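Input: a single structure, listed below in structure tokens.
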Amino acid sequence: MVKVGIIGATGYTGAELVRLASRHPRVELVALTSQTFSGQEMARVYPSLYGFCSHTCKNFSPEEVLSQAEVVFLALPHGHAVPIAEEALRRGVRVIDLGADLRFRDVRVYEEWYGIKHPNPELAARAVYGLPEIHREEIASAQVVANPGCYPTSVILALAPLIKGGYGELESIVIDAKSGVSGAGRKTEIAYLFTECNENLHPYGVARHRHTPEIEQELSLIAGQEVRVSFTPHLVPITRGILSTIYVNLKVQVSEEELRQVYEEFYREAPFVKLLPPGLWPHTRWVYGSNFCHINFTLDRRTGRLILASAIDNLTKGASGQALQNLNLMFGWPEALGLDYPGLSP
Amino acid sequence: MVKVGIIGATGYTGAELVRLASRHPRVELVALTSQTFSGQEMARVYPSLYGFCSHTCKNFSPEEVLSQAEVVFLALPHGHAVPIAEEALRRGVRVIDLGADLRFRDVRVYEEWYGIKHPNPELAARAVYGLPEIHREEIASAQVVANPGCYPTSVILALAPLIKGGYGELESIVIDAKSGVSGAGRKTEIAYLFTECNENLHPYGVARHRHTPEIEQELSLIAGQEVRVSFTPHLVPITRGILSTIYVNLKVQVSEEELRQVYEEFYREAPFVKLLPPGLWPHTRWVYGSNFCHINFTLDRRTGRLILASAIDNLTKGASGQALQNLNLMFGWPEALGLDYPGLSP
Amino acid sequence: MVKVGIIGATGYTGAELVRLASRHPRVELVALTSQTFSGQEMARVYPSLYGFCSHTCKNFSPEEVLSQAEVVFLALPHGHAVPIAEEALRRGVRVIDLGADLRFRDVRVYEEWYGIKHPNPELAARAVYGLPEIHREEIASAQVVANPGCYPTSVILALAPLIKGGYGELESIVIDAKSGVSGAGRKTEIAYLFTECNENLHPYGVARHRHTPEIEQELSLIAGQEVRVSFTPHLVPITRGILSTIYVNLKVQVSEEELRQVYEEFYREAPFVKLLPPGLWPHTRWVYGSNFCHINFTLDRRTGRLILASAIDNLTKGASGQALQNLNLMFGWPEALGLDYPGLSP
Amino acid sequence: MVKVGIIGATGYTGAELVRLASRHPRVELVALTSQTFSGQEMARVYPSLYGFCSHTCKNFSPEEVLSQAEVVFLALPHGHAVPIAEEALRRGVRVIDLGADLRFRDVRVYEEWYGIKHPNPELAARAVYGLPEIHREEIASAQVVANPGCYPTSVILALAPLIKGGYGELESIVIDAKSGVSGAGRKTEIAYLFTECNENLHPYGVARHRHTPEIEQELSLIAGQEVRVSFTPHLVPITRGILSTIYVNLKVQVSEEELRQVYEEFYREAPFVKLLPPGLWPHTRWVYGSNFCHINFTLDRRTGRLILASAIDNLTKGASGQALQNLNLMFGWPEALGLDYPGLSP
């Protein structure tokens, strides 16, 4: 059993970590922290956990948490992870950060898009981008893992084999993504009220969403050259789920069948990525509450474009499930340990 | 491992059985049958099952299924279970029926409310009503179990301790229940279209819903005298979940605190029933996708009424999860085996 | 044209007033006030109003608003209406208050349930309870009207003919009500986030909701004796709509057909109350965005109970539509002026 | 008053026609036909219409309907409009067809995408494509109008000024559209059940949806050359609403501000198209139940792409509201007559 602490346990990604960790055969939760719900039982804040979690949330204290835990998950708003990560590493505690603070190799990109100065560029450079299907080996030996954003997970998994293979025109990539509201966290803003989201649908952050440079960093790395994308997120009245629809002009002659083989090959060892059969398009419901990513595509001969779609649960594969998948890799356990459950459908 | 067949695998309760059974440590699925999707892969009908189920659905053939299975789950519309159950029992295959055909000890009640003649009253008399919290011992040795209806499960669990203790005026019971749409199954009727259910709310089957006599049978048994209730179901735009709100006049002086002890005592051994702390009212979301039943109540001194509420997931504790709970009891396994997961929240 | 001001225009009932008033043939909006959105265009706060409202919201100033308006609607949280109403009346401006501050003839009831001292009991006594179907004449000549709560509107309309006729056992009334989330207003609390309400269902304020004494006041008035009810509200994942299901033991022999005549007679002059044909139960969707109240009932011979259901749109008939209906009466216009539109279905 | 018949009144677009027509000051409904609900009162099929429509649905009989009506709306599945339109025109009755049968000037396109032979190419050639903002004059004098599809309405309105002005690279157009479920009509298919749509999100008809050639026909006409687009529709769990997000590479140097002037100018006379202020992205809720189309865009300097979004209510501006707008033009009435209501928000 590995002793695990969760910093920021009462946000949605924190609660999802507790849900999954409570059933993981090798994880022992030793500390849950929360500013807002300090002093309250976790199972009172999320009564779905009655019978599964007897912890009381506490204010974060480095002493208390970092002396007990062997790994800490940070589920905090951006801008808060670095000092805690530094202290943890100092004490030999490994770190999986679910926020954005350590995702960028070049902190100038972070500073430009997030509008704040990065406090420790060296740490950022040292962190491993925790997308297991792309960085499996580096994750295994990492001391600090930057868990990917939800949108980037859905997009990079859909595009990696195509770009790796050099099939797409890199300047033609258009990503139209749709997310459930839990992606916004448990923030009490008017925009996330039921009455504002229900029976409604709209784009946001058009041409300036912060997941854009994260997608570009990883696609550029795979392509071996700079990639720029158009990325438009939308808010959709579902709780969980991201669907990304992606448009790429092909630059080489290739059949859909050949591309299917490329994808099958690329994800042969990946327990959580499924290329669906031809014609069966991803539905977010099929991965609901699960750690799977479903992908499909078609080659539109009329326009010469490949149209791809991928679906994940933003809280699971898009956040906390992926964080546990990283934990599994970091401790040399089977990658799918504690995570291989089917989605809840219907 | 016990070999299990599912007759009617592609309806919602059938699919939920497959979801749960695919992760149950002692269940081996040997046959899935479906009229509508015969010849199709189960994972094509419910793509959430890719990687978890490689079965192809077949038309039901007694030979094929009953020669392989040690237990069969029947997930069929009412009126179809008896001949299959008879054949199964003849071959020594145990039966868990998720429909209504074997739920009534007195088949005249069945015949009156369901409007069809019962083909085998003896079998009905022999079947055990599969509510584990009430009939645990009889289930353990049963050859044929009649799995309860979803509404009755939520209502009987909420009322059993009260009625057993003789606290309530039996003629005063009013049950106002609300269900998600999956309770209607996968029927293609106008009333269950998204456009008809969404942003809508209405009662149905008022004063004549078929779960009424089922509730009355079990409450009467507990009370030791005939009980008649008012039961009004409502259709609510959620996929999973039943919330039953129940009103009972108290006939003896008793404090809320004493009643809480009565309930705690009654459910001491029940792994899936939770009396929530005072003031924390059940939310269907907290049991979403899980086998739990959450209950709470308050004593309204102004009116002398006890007001209770209970929440379950209609597909899990209200159908397929409970069926597996019964399987566990029938085979002497731990009651919660393969079922003790927290609800998906949010 | 009558000059109208709206105090608190950017909450949901305020915005609904603007929506309806913008199409009312005799209303001229002269001032919209808002604390939160002061200085912003109303059509920027609610872009559905582009082309219908060119007002900018202002902080409330008695001078400015009350010197221009002939009537003011107060759409404020409780506890804020009295000083503004006093000032308005002083200046001869008539008042329609959508809050709770002037709904109780006996302010002790208000003080007990709302937990605050009433600043002007005399004004409360003088206000007319603005349920047109019950108090049509008094409203016509009122200077100050207390617009009913949403739940009470749905309940009182469903019960008035029954109780007026003396058919029901007054101590047996159980009201199980379900509301859309817009009933909570535009409050940024965790409980009203999309992620908390969606795919969820729960009771709240059990045995202590503040609409209980309001219902009791009006039913008592109709009955000519004190009435106490059990009233349980539930939060349901729809934006608009209240459905109240009501259970009453009958105390006299009466057929369902006779009761239907009683209701038809009672509401003969009421343009917005419809008794649906036998067997057609109210659906909130059928009154969506409209000022109608749909009612139906059945007599359950097995239990001797009458089971009723009524549906309204909580923002329209349950608040702002009803307020305009009161305005019509106060100015001697046709009661349905500017309000007789069908619901939006689907 | 103009006498109007509706052929196919009980589908969703038929019912929306009745809702709007019942409040239109110059329309008199003289006949409603329905195959499925023949012999039933329209207000029983859609109880929101109680008090607004006293018609009983009948089977279509040319004699009966076409001898009374001056105009008929056809709200039928594709493949059924031509014989009725022919008969109507023969009798001097004008036709507004809400289906696809008369939308294509070149019936070979229709035959290719719809897979059926067109029975009357001459009639197709004679019909006017009823998008008032583009074909206002031809509509005014038309005997037969082909009302546009819902997706094409949202797309063409968003792109027309851009393409007319020659700003966009025509081969770069990518359209990612999202629709509420009412767009599928009242069809009882598994895919449209509440349980299948709710908490779900997926693309469909990728690279082969039948609205593609309709969009291309109109954009080509505006461009003066052939245009091919990628068009991907998605099903979203809302009842009403289409949001189209559109990506176009710019081929000339132009500022966002200049483009805003181009759009303002283009739609100066259009009562139902609103370019929202910079940064305020269309929300389907803002046009809910209304005939408006909200548009906005931003120029993404990083990629050289213009990103546009437009929102309509698919049943109103996307179907029945637009049909009445066409009626207004055909009879020389003000274009917005009976249609200028704000959306229902929230």
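So that you can tell them apart, the chains are marked A, B, C and D in the order they are listed, and the count of residues begins at 1 in each.
The working rule: contacts are C-beta pairs under 8 Å (C-beta built on N, C-alpha and C of every residue); 3 or more make two chains touch, one makes a residue touch a chain.
All of these numbers come straight from a predicted model, not from anything done at the bench.
> Find the chain most remote from subunit B, comparing centres computed as mean CA coordinates.
Of all the other chains, the one whose centre lies farthest from subunit B is D.
> Look at the interfaces A-D and B-D and say which one is made up of more C-beta pairs in contact.
A-D
> At what distance in angstrom does the C-alpha mean of subunit D lie from that of subunit B?
Result: the chain centres lie 45 Å from each other.
> I'd like to verify one number: the distance from the centre of subunit A to the centre of subunit B, where each centre is the average of its C-alpha atoms, in whole angstrom.
The mean C-alpha positions of subunit A and subunit B differ by 36 Å.
> Report the inter-chain centroid distance for subunit A and subunit D in whole angstrom, where each centroid is the mean of the CA atoms.
39
> Hey, what residues on subunit D touch two or more of the other chains?
12, 182, 195-196, 198-199, 237-240, 283, 285, 288, 346
> Which part of subunit B faces subunit D closely enough to touch in the complex?
12, 181-182, 184, 186, 188-190, 192-199, 237-239
> Could you pull out which subunit C residues touch subunit D in their complex?
Touching subunit D: residues 12, 15, 19, 22-23, 44, 46-52, 182, 198-199, 239-240, 271, 274, 276-277, 280, 283, 285-290, 292, 294, 315, 340-346 of subunit C.
> Which residues, counting only subunit A, touch subunit D once they are in their complex?
171, 174, 176, 178, 180, 195-196, 198-204, 206-207, 228-230, 232, 234, 236-241, 243, 245, 247, 281-285, 288, 298, 300, 302-303, 305, 307, 309, 311, 346
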